[in-house]
Amino acid sequence: MPTRNRDEVIRVELTAGHVWTVVAAGLVFFMTPGLALFYGGMTRAKGVLNMMMMSFAALGVVGVVWVLWGGSMLAGDPVLGGLTADPFAHFGLHGLMGTEDLLSSDFSVTFAIITVALISGAIADRARFGTWVVFTLVWVTLVYFPLAYMVWGDGLFSEDGALGRIFGEPIDFAGGLAVHINAGIAALVLILLIGARRGFGRDSGQRPHNLPLVMLGSAILWFGWFGFNAGAATTVEQAALIWTNTLVAPAAAMLAWLLTERIRDGHATSLGAASGVVAGLVAITPACANVTPLGAILLSAVAGACSAIAVGLKYRIHLDDSLDVCGVHLVSGIVGTVALGFLAIPSEGRAGVFYGGGWGLLGTQLAATLFVTLYTGVLTLVIGLVLKATMGLRITRRDEVIGVDLTQHAESAYSLKDEATGYFAGQAPARPLPGTAEAPVPAASKGDNQ
Amino acid sequence: MPTRNRDEVIRVELTAGHVWTVVAAGLVFFMTPGLALFYGGMTRAKGVLNMMMMSFAALGVVGVVWVLWGGSMLAGDPVLGGLTADPFAHFGLHGLMGTEDLLSSDFSVTFAIITVALISGAIADRARFGTWVVFTLVWVTLVYFPLAYMVWGDGLFSEDGALGRIFGEPIDFAGGLAVHINAGIAALVLILLIGARRGFGRDSGQRPHNLPLVMLGSAILWFGWFGFNAGAATTVEQAALIWTNTLVAPAAAMLAWLLTERIRDGHATSLGAASGVVAGLVAITPACANVTPLGAILLSAVAGACSAIAVGLKYRIHLDDSLDVCGVHLVSGIVGTVALGFLAIPSEGRAGVFYGGGWGLLGTQLAATLFVTLYTGVLTLVIGLVLKATMGLRITRRDEVIGVDLTQHAESAYSLKDEATGYFAGQAPARPLPGTAEAPVPAASKGDNQ
Amino acid sequence: MPTRNRDEVIRVELTAGHVWTVVAAGLVFFMTPGLALFYGGMTRAKGVLNMMMMSFAALGVVGVVWVLWGGSMLAGDPVLGGLTADPFAHFGLHGLMGTEDLLSSDFSVTFAIITVALISGAIADRARFGTWVVFTLVWVTLVYFPLAYMVWGDGLFSEDGALGRIFGEPIDFAGGLAVHINAGIAALVLILLIGARRGFGRDSGQRPHNLPLVMLGSAILWFGWFGFNAGAATTVEQAALIWTNTLVAPAAAMLAWLLTERIRDGHATSLGAASGVVAGLVAITPACANVTPLGAILLSAVAGACSAIAVGLKYRIHLDDSLDVCGVHLVSGIVGTVALGFLAIPSEGRAGVFYGGGWGLLGTQLAATLFVTLYTGVLTLVIGLVLKATMGLRITRRDEVIGVDLTQHAESAYSLKDEATGYFAGQAPARPLPGTAEAPVPAASKGDNQ
Amino acid sequence: MKLITAVVRPEKFSDVKDALESYGVQGMTVLTVHGYGRQRGHREVYRGAEYTVDLLEKVRIETVVEDGEVQDLVDVIVTSARTGEPGDGKVWVTPVENTVRVSTGELGDVAL
Amino acid sequence: MKLITAVVRPEKFSDVKDALESYGVQGMTVLTVHGYGRQRGHREVYRGAEYTVDLLEKVRIETVVEDGEVQDLVDVIVTSARTGEPGDGKVWVTPVENTVRVSTGELGDVAL
Amino acid sequence: MKLITAVVRPEKFSDVKDALESYGVQGMTVLTVHGYGRQRGHREVYRGAEYTVDLLEKVRIETVVEDGEVQDLVDVIVTSARTGEPGDGKVWVTPVENTVRVSTGELGDVAL
């Protein structure tokens, strides 16, 4: 409403905290398309659209699921002994309407979306799109929402939850457990179920097709991650610390990744820079509010180097983690989560080993990591097996050779030399209109020498 | 001023509402380049630069016009019986300087820019660039600013305006009428005046040349649209509701578009996903503050399906709406505006049919839609006819065959295989410098085997 | 922390000013990747990754340097007679932890990053990457941080500084001196040291390889620049004025650049539009809070035309400023800085000539410009000479022919026709794993007809 | 057997292809090339530096045919590709000693 | 000398190349082309408008060889490129009058 | 008439083109290809996986010329394309039976 209520525009009752939540939610939202570019540029040219579509499908499905029952699964009272909250207490978000809780829920849904989207990088170039759509719906409902509730809500790992009372409450400020380890484990399970791409490890066509797109994607991720990490800051000082760590961690991890490459392969690469940025962001995610900037440098440099080494392992064990979801998100997610056991600065009565907090926190972090691994691993396996048996996970060998974009979406990404490719790419629209009995005008007049 | 006034940085007198307006204005600004990518990726490769330039020209021209007289046309007192405000009351924005109204005006100008830019999608690949520049100047002055004033300001459709008193004040929170229907009608008129592209419906070169660019563009639009819709929110609860609807509406419309495609064509496409997102955003624009999240899902799913069907109609009626401005913005704009007659939740004494508000609001919405159609239709027709008769709307047939980028801008978008294409693409700079009599150094030494 | 502390999320103690600083810092951060695209699209295809990597390296190196000693160099007390602040007073930012000053420092570092990255455009396609990494570290330490401190901190040019007392305090709201003239002069020095690209002025392969990328980059720059200019605004009215000027200045400069091209070359180009936008943003940077919108139009139109003419000069004087860092940033930076001497509206006892302030301010602006030129010129020359003598600035002639991406990073940017190019582009991974003695699985099974 | 190689304007390729199909040609191989000839090029301008482009996009068609069909097919191509302006392109004919269809191993005319 | 031109499926190119290398071919020149033939095309859909693509991506290989090697090499190519489905491609042989190696100026068979 | 086909280094193409123009060649058709030969390839690395690229970018030029000009033109190309290193490329000559200029229908040498 650009001009009408000029006075009201000025007298809005938003507080600064609300404004920041609104902005941060927008920033986190923007990460999913950023991820689509990051992943899309890394696939081969004949799979980029399918890759991006998996992120877009996550946006579509999780967006709607959230309004229907997902929002309720985060906001309600615990059911099933703290495993989740009642999905139908706030169906259609109705109980949140007109309250500030709706804004918190807005912020939360963006995390659900990107977590699902993250998984897709592991199954590039070979997944059935329809199955993916169903997977996003089921997985976000059975795995993500409960886990987020356990870690951040009043669920199992909260102060009063069953596990929280035994192992203590883990530190996971912005999603090392609930987002990155969670997505990484789910990716690992899907890889085992779907199998390697045809030609994996041999076909050099599987190199990234568009590296500037990858770098752009990583930049959008970084930009959005300031909202991801700092969105829940509750004081100025905390926001400033998180912002600082969210800048310096990817910077340090990038340098570590590039150095690793320089030593191992002789060259520092742009794909390495983009990957290092993401590894650093992943590693600092759980820790962003609980380490000093120097701690962030240390933690993320280790993560960057570990992930740089991890991404090469897939060839050795012949595990086609196509875009390295495990190598980057699982490995750096674990590094960040566990490193807190050493590097966490004292707060709320907990501190890392290096700050004299003893080994307790490390134990809590390890226990939580293990729990997420088991919870996500088992449930994703069940979901994956059912889908494999019913809809099928994988496209046919023939479709894979032709390309997933063409066979799943009937599209190809680029037509850059248009006179020629255009003419090559086909004929006039053969069936421009649905349900028309008459011969389509264009096709009929194709022979004209107009 | 990064470091100087550290103390002042902290003690700024901005309120949260101001900050949100500043941020939202930036977000809406970013939508126009997003649109340039969305449209640019959808044209053929030899027209992408011209397509993007039409959006950039809108940024340039409307930006300057706004400072000169446009800002005054939104902020001043009504003249001509409420048709517009005095364009010279605040020439150079001087009367707004030092007041908060300048900030409101900042927010408003971004809407003017994108509305003009939206139109350009209809005339891809064949418009004279100089004429477009003049068109933006005249159209924003005669059509956009008055209409925005009528709908949002103290103009005809305000409570006390001539039409507002008869038909009631329509609900158009963020621009279904003033932006999307307005741009859609203007597009329709221009299509009729400029005619179809050579080979329309037959030349398969007219398929989108770069779909990842289209998806990126749609993502930037979605990101910016959080500012577009929520920028004028006046309470926390309203902001939260608008944010929710701005997430879920495009999500639902995307799914509806993909489902329509799946049923009709057998495949869900990435262009469909990007288009569905935009259709959902358009549909929720007028309604974002006045429907429940479930209402938003319903409204935008209908809009997504309608637009998905509408974009195919152009081949049947041989109307070359090149990038489907009418199919998406006009159709979904009308769906969103009219659906409010049914779905509007009670507020300020008005409610939709489904909420017991009777048929009155529906009548108001339809009347406003009709008025915008007539106002914009007639004025755009006059402007278009005058430009056609004087400067000419369309490039020559020969220029169209060679390509609008090369003939209007003397550029080509891509040179990706550079050794080769570079050498192929031409010779050394033939005339590197303006107004130099001497033989240019480079050309002279071209033969050197250096 | 999406869901846990719902209440705290709402009750955060952030003030609006803090929120704006956090957001603005994010926006300025985003400019550097934007610059990477802007520059990357303008190089030839075989140099785009290296070009983008120079910006990413700036992010990595300056990010870490800032935490280590750079932040201290902006926040500490003056040493060396006001040349800089103590780099080790706040090592690791520790003295800033838990204070609001950390937030100010967050905002400041983003300026340091982009200033360094700006320089890289001058040495496209021929710089050794390792040397660039070292250069960023040394240059930001010896040139940027001291200069920023002199201009914005309590350094030489502050009210009480040695030069400030003699020449007066210059107006440089957001970085005409400290960012653009600074980077422009450094670029000029590096060009002289590194020499022209092979084939400069003759090889038409040196045309921009991806103009949509350039336009996207310029749009991201513009978007981020709202944070760059308005981030330090201290009142609503100032923020609104700056926002207005940051919209209208690039708009006007774009039109001026396009007009210059239309007159000189016969066509308005998309590269001209993108360049004009940047020139306008550069010109308004020092002046954004101190000129009226009409003044902004005037100032930036002049800058746009001057830069449009300047970029052609390099061929005449055979100075290979590859992506026109001097032509755009130095020229428009000087225009904006000096024009303040005429156009500055009265504030804090200073005013431009046109506002009856006399010639004093003009003198101050010129003196400061001269000082930056000398300071940066001399120091950059020394740094450059040392690096040239030790590590070497430039890749070999052979590597330049093959391409800087392939030789410095062992990568190529695009592989768009993947079946074919994929197969063409190479063989199966020859050495998929570091340090493995066994014959790698993939290579071994390459002959299989699987 | 003969190999007919034709270089034609991109915008006429569609017509040529239709004409060859109507005639009954069984197969052909096409690609985009850049041609230099009598036709004038165009110029491009980047930041004031002007580039003359004298290699223009063309489509190159090659089809192996039986000896008896050569004359007719060249006529079909020339007729369908002609605009009458310089730049319409060239057609040339070269001898082919043998042809194999990969899928079946058939040789000679039957492989076409 | 003869010029062997082969048009093969992109996904078989790698096998063909390996086979030629094993045989001992010294040099070849390859590029991506689009082929029209008996093989059915596929269709693409953009905003409901359907495009039938009947020019399919192929890889075209050309190698100049000594007369005596022609038969063997054609066999090597045909064997390594075959799937047995329509669309496997064509191989044809044309006469070459002379060849020069640019780097040394050597002529004839020694230049291959 | 003969068809001269030359495969040269991309970075020498400009020189070759200039030399052919100076000689007075009326037309040619060029395209980017990938060549395999004695010249060593380079390697690329993506996330630690190393790819050896042994198909290198080259430019392929073809020009149909009168019989009498063949020798001179081959010399012109070889001279202008030479660096002396492996990878400079190949030139080969094949017979052409006839040529047509599409725009006018002219046949034979006059069509060149």
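Per-chain numbering from 1; labels A, B, C, D, E and F assigned in written order.
Convention: contacts are C-beta pairs under 8 Å (C-beta built on N, C-alpha and C of every residue); 3 or more make two chains touch, one makes a residue touch a chain.
If you're wondering where the values come from, they're calculated on a predicted model, not measured in any experiment.
J.: Fewest touch steps from subunit A to subunit E?
T.: 1
J.: For the sequence-identical pair subunit B and subunit C, determine the rotation angle of the Cα superposition and round it to the nearest 5 degrees.
T.: When the C-alpha atoms are superposed, subunit B turns by 120 degrees onto subunit C.
J.: Report same or different for the subunit A and subunit B interface, where same means the shared residue numbers exceed half of all residue numbers found there.
T.: Answer different: the two copies use largely distinct residue numbers here.
J.: B-D versus A-F: which interface comes out with more C-beta contact pairs?
T.: Looking at B-D and A-F side by side, B-D shows more C-beta contacts.
J.: Between A-F, B-D or C-D, which repeats the contact pattern of A-E in over half of its pairs?
T.: Looking at which residue pairs coincide with A-E, the repeat is B-D.
J.: Distance from the CA centroid of subunit E to that of subunit F, rounded to the nearest Å?
T.: Each chain's C-alpha centroid was found; their separation is 18 Å.
J.: From the C-alpha centre of subunit C to that of subunit F, how far is it in Å?
T.: The computed centroid separation for subunit C versus subunit F comes out at 43 Å.
J.: Counting only Cα atoms for the centres, state how far subunit B is from subunit E in Å.
T.: Distance between chain centres, rounded to whole Å: 49 Å.
J.: Touching at least two other chains at once: which residues of subunit F meet that condition?
T.: Only 11, 14, 17, 30-32, 34, 44-46, 48-51, 55, 94-95 qualify.
J.: For subunit C, jot down the residues that touch at least 2 other chains.
T.: Within subunit C, residues 15-16, 18-19, 23, 100, 103, 105, 203-204, 207-208, 210, 216, 264-267, 269, 271, 309, 312, 315, 410-411, 414, 416-417, 419, 421, 423-429, 432-434, 446 contact more than one other chain.
J.: With touch defined as at the start, can you tell me which subunit B residues reach subunit A in the complex?
T.: Where subunit B meets subunit A, its residues are 15-21, 23, 27, 44-46, 74-75, 100-101, 103-105, 107-108, 110-111, 148-149, 152-153, 158, 173-175, 198-212, 215-216, 219-220, 222-223, 226-227, 230-237, 239-241, 243-244, 247-248, 250-252, 254-255, 258, 264-271, 273-274, 276-277, 292-294, 296-297, 309, 312-313, 315-316, 318, 403, 414, 416.
J.: Which subunit A residues qualify as touching subunit E in the complex?
T.: Against subunit E, subunit A makes touches at 203, 401-402, 406, 410-412, 424-434.
J.: Help me check something: in the complex, which residues belonging to subunit E touch subunit D?
T.: Per the touch definition, subunit E meets subunit D at residues 2, 6-8, 31-38, 55, 58, 60, 74, 77-78, 81-95.
J.: Any idea which subunit A residues touch subunit F in the complex?
T.: Contact set of subunit A toward subunit F: 204, 207-208, 261, 264-267, 269, 271-272, 275, 308-309, 311-312, 315, 324, 327.
J.: Residue numbers of subunit A touching subunit B in their complex, please.
T.: Listed in rising order, the residues of subunit A that touch subunit B are 1-6, 8-16, 18-19, 22-23, 25-26, 29-30, 33, 36-37, 40-41, 48-50, 52-53, 56-57, 59-64, 66-67, 92-94, 97-100, 102-103, 105-106, 109, 129, 210, 213, 216, 405, 408-411, 413-419, 421-423, 425-429, 432-434, 436, 440-443, 445-446, 448, 450.
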